[in-house]
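In what follows, structures are represented as structure tokens.
Each of the next two complexes has subunit A plus one more chain, namely subunit B in the first and subunit C in the second.
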Partner chain A sequence: MQQRRSLLSIPASLLFLLPAGVFVFIFIILPFFWIAAVSFTNRTLTGRTAVDPEYVGLANYLRLFDPDRFLRSGEFGASLVITGQFVFFSAIVGQVLLGLLLAWFFFNRKGWVRETVQTLAILAWIMPDVVVAFAWFAFLDRDAGTLNQILSTLGIGKPDWLINLPLVSVIIFNTWRGTAFSMLLFTSAFGSIPPSHLETAAVAGANTWQRLRDIILPLIRTHIITDLILITLWTFNTFTPFLLTGGGPAFQTELVSIFTYRTAFKFFRFGQGSAVGMIMMLINLVFAIFYLFLLRRQQVKL
Partner chain B sequence: MLRKFRNLLVTLAALLVFAVPALAQTQLAITCRCVADGVNSAQVQWLNEFVIPEFEKMMADQGNPVEVQLIEFGGSDEGLKEQYALDLSVGAGADVLGFDGFWIPEFVSANLLKPLDELAGGEVNDWEGWNRISLGLQELMGVEGKRYGIALGTDSRMIFYRKDMFREAGVRQWWAWQPRSWADVLEAARMIKETFPDAAVLQLNAGTAMGEATTMQGYFMVLLGTGEHMVTEDGKWIVRSPGILDALNFYKQVYVDENLGDARVQLLQDGRNRSFANFRDGNTAMLVEGDWFYRSVTAPGKEFAVTDRDVNMGWAAMPAKAPGEGLRGQDFVSISGGTGFVLNPNTTSPQEAWELLAFMNSQEALMAFQGIQPRIRVRDDVPVPENAFLTTTAQALLPLSTARPLAGIYPEVSFQAQLMTERVVSGEMSPEEAMNAYAEAVTELVGADNVIDLMP
Partner chain C sequence: MATISTTQTTRQKDRSLNKQSRTLVMRAAITSLTLVILLLYLLPLGYSVLTSLKSKAQVSDVNAPILPSEAQTYFYEGEEYDVYKIPTAEGEKEWALVQKGRSSSQFVDPQNPEAGLIEWQGRWRTLKPSYQLAFQWSNYPRAFNFINFWRLLGFTLLYAIVTTIAATSSAAIVAYGFSRFRFPFKSVLFIILISTIILPPQVTLVPMYAFFYRIGWVGTWLPLIVPQFFSNAYNVFLLRQYFMTIPTSMEEAARIDGAGPIRTFISVILPQAVPALIAVSLFHFFFAWNDFFGPLIYLAGSAELNPIAVGLFRFNGLYSSEPQLIQAASILTMIIPLLIFFFAQRFFMQGIVVTGEK
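Up next is the complex of A and B:
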């Protein structure tokens, strides 16, 4: 068979690529190298080192990983641990699992319950961050918040969410915020499963759990991996909890994104901030490579 | 086709005719942390009703028409500072900037600000106003003898208290209460706590969420009461000392041991507004703040207005730990800061920007401001109108007052001080542990040669 001829000659296609290439270079590649370079200096925005930053070698990185303080509250290691908990509970357990369960629960069902739940979940997902954070701040208030009104009516008491349970609060918040995405993705994934598979299984006497485990999950495995990649990366980098707790009290909700912000912008220490940024990028890269590896292996097997 | 082309030409010509005069006029912009009907609304009123129209009229009469635009910034002080640092570093921003004096050193060492005379020429030094502003007040907006802006005024800090709550709790001399020591403050707080068990009786700012308001209205007000400052006379940062420990123990006593204040308010993101609301609602009986709290926050018609303020609200000087143990051996302590306006070095019309700044600080303009919101002004030819509160507090407190260290690194040290108080009031650390963490962090900031340990 004759190979399909490209519509454009190679020089012409390069010409078409050029404008996009220039933008990518100026706004992505150049800043990347700039940040990498700044991370080896003590550059700041204000103060003496704004005028003549000095090359400090690996000092910014060594400071981040200084074993004496690594795990102390308000330091990089502690922030990584908090982020790990946050990602595990709000992204993997919260958004992905809850999204999967919701999609599974409403699979092949119709009616107002499904419509209402899906609409509410999507609403939570599409509202602007600041609006949502403001609403949750009011919702979680100890004395006047809706949540505690409900809980105290039920006789459960009035926990002080943002002070005594700050991490739990932002985990619940982030789960609420982002479950819609996983739910939608899994709903469409379920739609792609040939009905005959499930009907055959039903005839063979498979129960609900067996159908989920042996038919549905294997068939939507790539969807699950894609969802995991996206949700993990998004959650790892999310900044919205800052609007609820500001990273506090006493750094208890200081996610790495907030740590980066505090390092780089609270006192404009761009050198140190860039170093944190570089580390965060490497972590993101490791996540992405790991998931892509899983994805590729899966495709080969199919 | 031809007609279309002709139409285009006519439109272009018309645009040019209208655009040229507009371009010829000088455009100036002012930014301040002020919002109509919001924070510092009196400043908006003054700028919009007096300064801008009168200045535009004056310049038009001189044949140099100018158009001035006010940009209202509604965020926090920290947010505004961040905005300025980013704006100035890329050559942007309004021509005249509302600025807190203590930000100036770090901006100057980064070349983000220029002295007024370097920017607008030697005529700046001939301005008549300099003879009317004392050197001390000129230094509020200056570094090393160079002037970068002009302060709008200065302030002092004290305890505001609710006379109605004091009377109900039976505090002695509730109508003119004046504690002589920290013990007096705590005693009054305990009495009120008995009458109002749910009240957050005493508000002494702590924690990082309140930012500089914690350092100035909280930490400094107790630290100065122990006879210490943040730096020694020869400029060394005190990182461990009996004074720091006493200050932290006072916090601990108030927020942790005796629950005389509400530690939550210190930790929440909107804590400062909550503390104001508590005072307004008669849920807090003592609150340490600057005279801004009287001038602006609790003024009639404002969000946190105190009903029948003249009857219900009083003030007392902040006592030292014990009589004679305060800074310089004083019985009472206070600290002052100053906000004002600076010129943006990137302005395209430095002359006009300076003329605007000078006009804002003319006797005429400041007199107009007194009509809107009376305050101690920097010019000695602008008297304070009949206002017992301002006159007496200024007379009593300004001589006792001190200022923050003038150093570019100060804001970062200040953050560490806020963090130190947060660690104590949240119960995360004991005062000793918090002080040691502070010592370590400050030593790293300023270098081991620039710190001093005063612990015996």
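Up next is the complex of A and C:
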């Protein structure tokens, strides 16, 4: 019976899976092999090399990892270092940790304050990138910006944020933009903890920190890892800081995504751009495998 | 004995009082901390709103107040004069400057113009001009006309609505396939699909661009709209999670009544999955409304087709000397997502909850 039903449903299931099949094949698998192949050529968008690209071997990769220029500003290595700092501070410390703390802070608190904070956090998250970038651009302005007006009333100097501290600005900006997602995810995770667990712990005399460490965190660790995966990858691949700084000044905020854009779409050097794409994909894969490994290990422990 | 018990009760009372006042202090501290966080959070946006209501003169004046305002003036004997704040022996006065002088100037008191001119010793350049609140609402219609808002809005809405319908329905179909059918290599296929979530968009962008360029779609909306008809991994994942929670008893009943899989999908599954479908639609709508990178690349040569996000970016490049218009335009851009958000907040939250549940 079971056997027959599953056999019967094969044609129907194919019908339902067709869009995904087309999607994966045309928009993922083909492009994947395309960039893998093109990354070994000197292909460009137009001109002679567009029609008849030459095989250049590992030249594109060697050029990216050329030790003489690797860490020079505006090159791939420098951009990786910048992205590393950006991901660490604005994704892991900023969004995940801050989101967790905020969710914990509002856990079990009711009333208008919590409602308002949640609403505003989601708002910051759904607002158009361009709008947010413009607001921050004005906010960080050296002379007329609100931030410096506040700092100078407090007696702290007036740094020119986007010129002298561009990476810091971009990190704060991205944290502000994205923390809402983590906060809401953790809020819902906290909501799924059975209240009896916490009550028992309270009766046993556990303090707030012990309750967080020994009960809440272990119970929501799959949420934490899911959040870490999504936030790390989103932050690694985000292009939004481009709207705030354009990658500058002097390439100081040139994240890998912006580096790819510049290589592939400013000069239309597709061979070079594909090589960068391949490496970005590998890095993403390493992140994902690492987190999935954590997830697997945690489950085995149970 | 009696005394001891009294001291004990007072001590207990003291303790409970202490505890009460401590919780009160704690609560006050937490509330004020929350308010500070809230305020910090709101600052950039608040600044944007304030700037959108300022005059051009105020935006470029470093000493102008934070709130939208304009320099106060006063008409005296048919002439318009600026009003300044003047420190005098009887406190600060707001007088209009009539006759400028090097070391002393003549003012008139708007409260009491009959008193005539007042001589004041000191340099008038050291005085601060007096401002009064003034909101430049006219920035909004000006910005609206400047960026040709209707055209941008039209394209953005079209793009958002068409792709939302396409993305949600295709994802629902695929999610149904994955949640209800048994077929060979199902879990492998699902993992392949889900792993596309981690594929950076920039990776497939180059080959997709080359492909769309070859077939002549670059410079049109097609490369942005057509791929959405083939579902995407995140939406499939979200909907599959939800479909799995729907009990199969109703489907079995429908099957016994002779309904095929398509019929079952449309009349049994979809009606039960409305909250998840709305959540996915909302996610996609906001994504499409905010999409900047796609249109920036595919519509680079055809500015007349730009959606709002790119239009605003170009507008910023053209009118960087008019920040108040840029902020006004960007606030106009937010209105539709904001309205949708307030009406559908509940569903939005639900989408995030489903994501968290692995």
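Methods note: the second predicted complex is superposed on the first by the 282 of 302 C-alpha atoms of A that agree within 3 Å, B and C clash if a C-alpha of one lies under 4 Å from a C-alpha of the other, contacts with A are read in each partner's own complex, and residues count from 1 in each chain.
Heads up, the rule we're going with is that a contact is a pair of C-beta atoms (placed from the backbone, for glycine too) under 8 Å apart; a residue touches a chain by one contact, two chains touch by 3 or more.
This is a predicted model, so every value here is computed, not measured.
Looking at the shared chain after the overlay, A:45 reaches both subunit B and subunit C. When the two structures are aligned on the shared chain, A:245 is found in touch with subunit B, with no touch to subunit C. By the touch criterion defined above, A:255 reaches neither subunit B nor subunit C.
Using the contact criterion defined above for the overlaid structures, shared-chain residue A:91 touches neither subunit B nor subunit C, since it reaches no partner.
Contacts of A:56 after superposition: neither subunit B nor subunit C is touched. The partner that reaches more residues of subunit A, of the two candidates subunit B and subunit C, is C. When the two complexes are overlaid on their common chain A, residue A:162 makes contact with subunit B while staying clear of subunit C. Of the two partner chains placed by superposition, A:78 touches none, neither subunit B nor subunit C. Using the contact criterion defined above for the overlaid structures, shared-chain residue A:265 touches subunit B and also reaches subunit C. Of the two partner chains placed around the shared chain by superposition, subunit C is the only one that A:28 touches, whereas subunit B remains out of contact.
Residues 45, 265 of subunit A contact both subunit B in one complex and subunit C in the other.
If you check the complex, the residues on subunit C that touch subunit A are 30-31, 34-35, 37-38, 41-48, 51, 59-60, 62, 66, 170, 173-174, 176-178, 181-183, 189, 192-193, 195-211, 213, 227, 229-232, 236, 260-262, 265, 286, 289-290, 292-293, 297, 308-310, 312-313, 316, 323, 326-327, 330-331, 333-334, 337-338, 341, 345, 348-349, 352-353, 355-358.
Residues of subunit A that touch subunit B in their complex: 44-48, 50-51, 73-74, 137, 142, 160, 162-163, 244-246, 248-250, 265-268. Subunit B makes touch with subunit A in their complex at residues 82, 85-86, 89, 106-107, 109-112, 207-209, 264, 267-270, 408-409, 411-412, 415, 419, 422-423, 426, 428. Remark: subunit A residues 5-6, 9-10, 12-17, 19-20, 22-24, 26-28, 30-32, 34-35, 38, 43, 45, 102, 105, 109, 113, 116-117, 119-124, 126-132, 134-136, 138-139, 143-147, 149-150, 176, 181, 184-186, 188-189, 192, 222-223, 226-227, 229-230, 233, 236-237, 239-240, 243, 257, 260-261, 264-265, 270, 273-274, 277-278, 280-281, 284-285, 287-288 touch subunit C in the complex.
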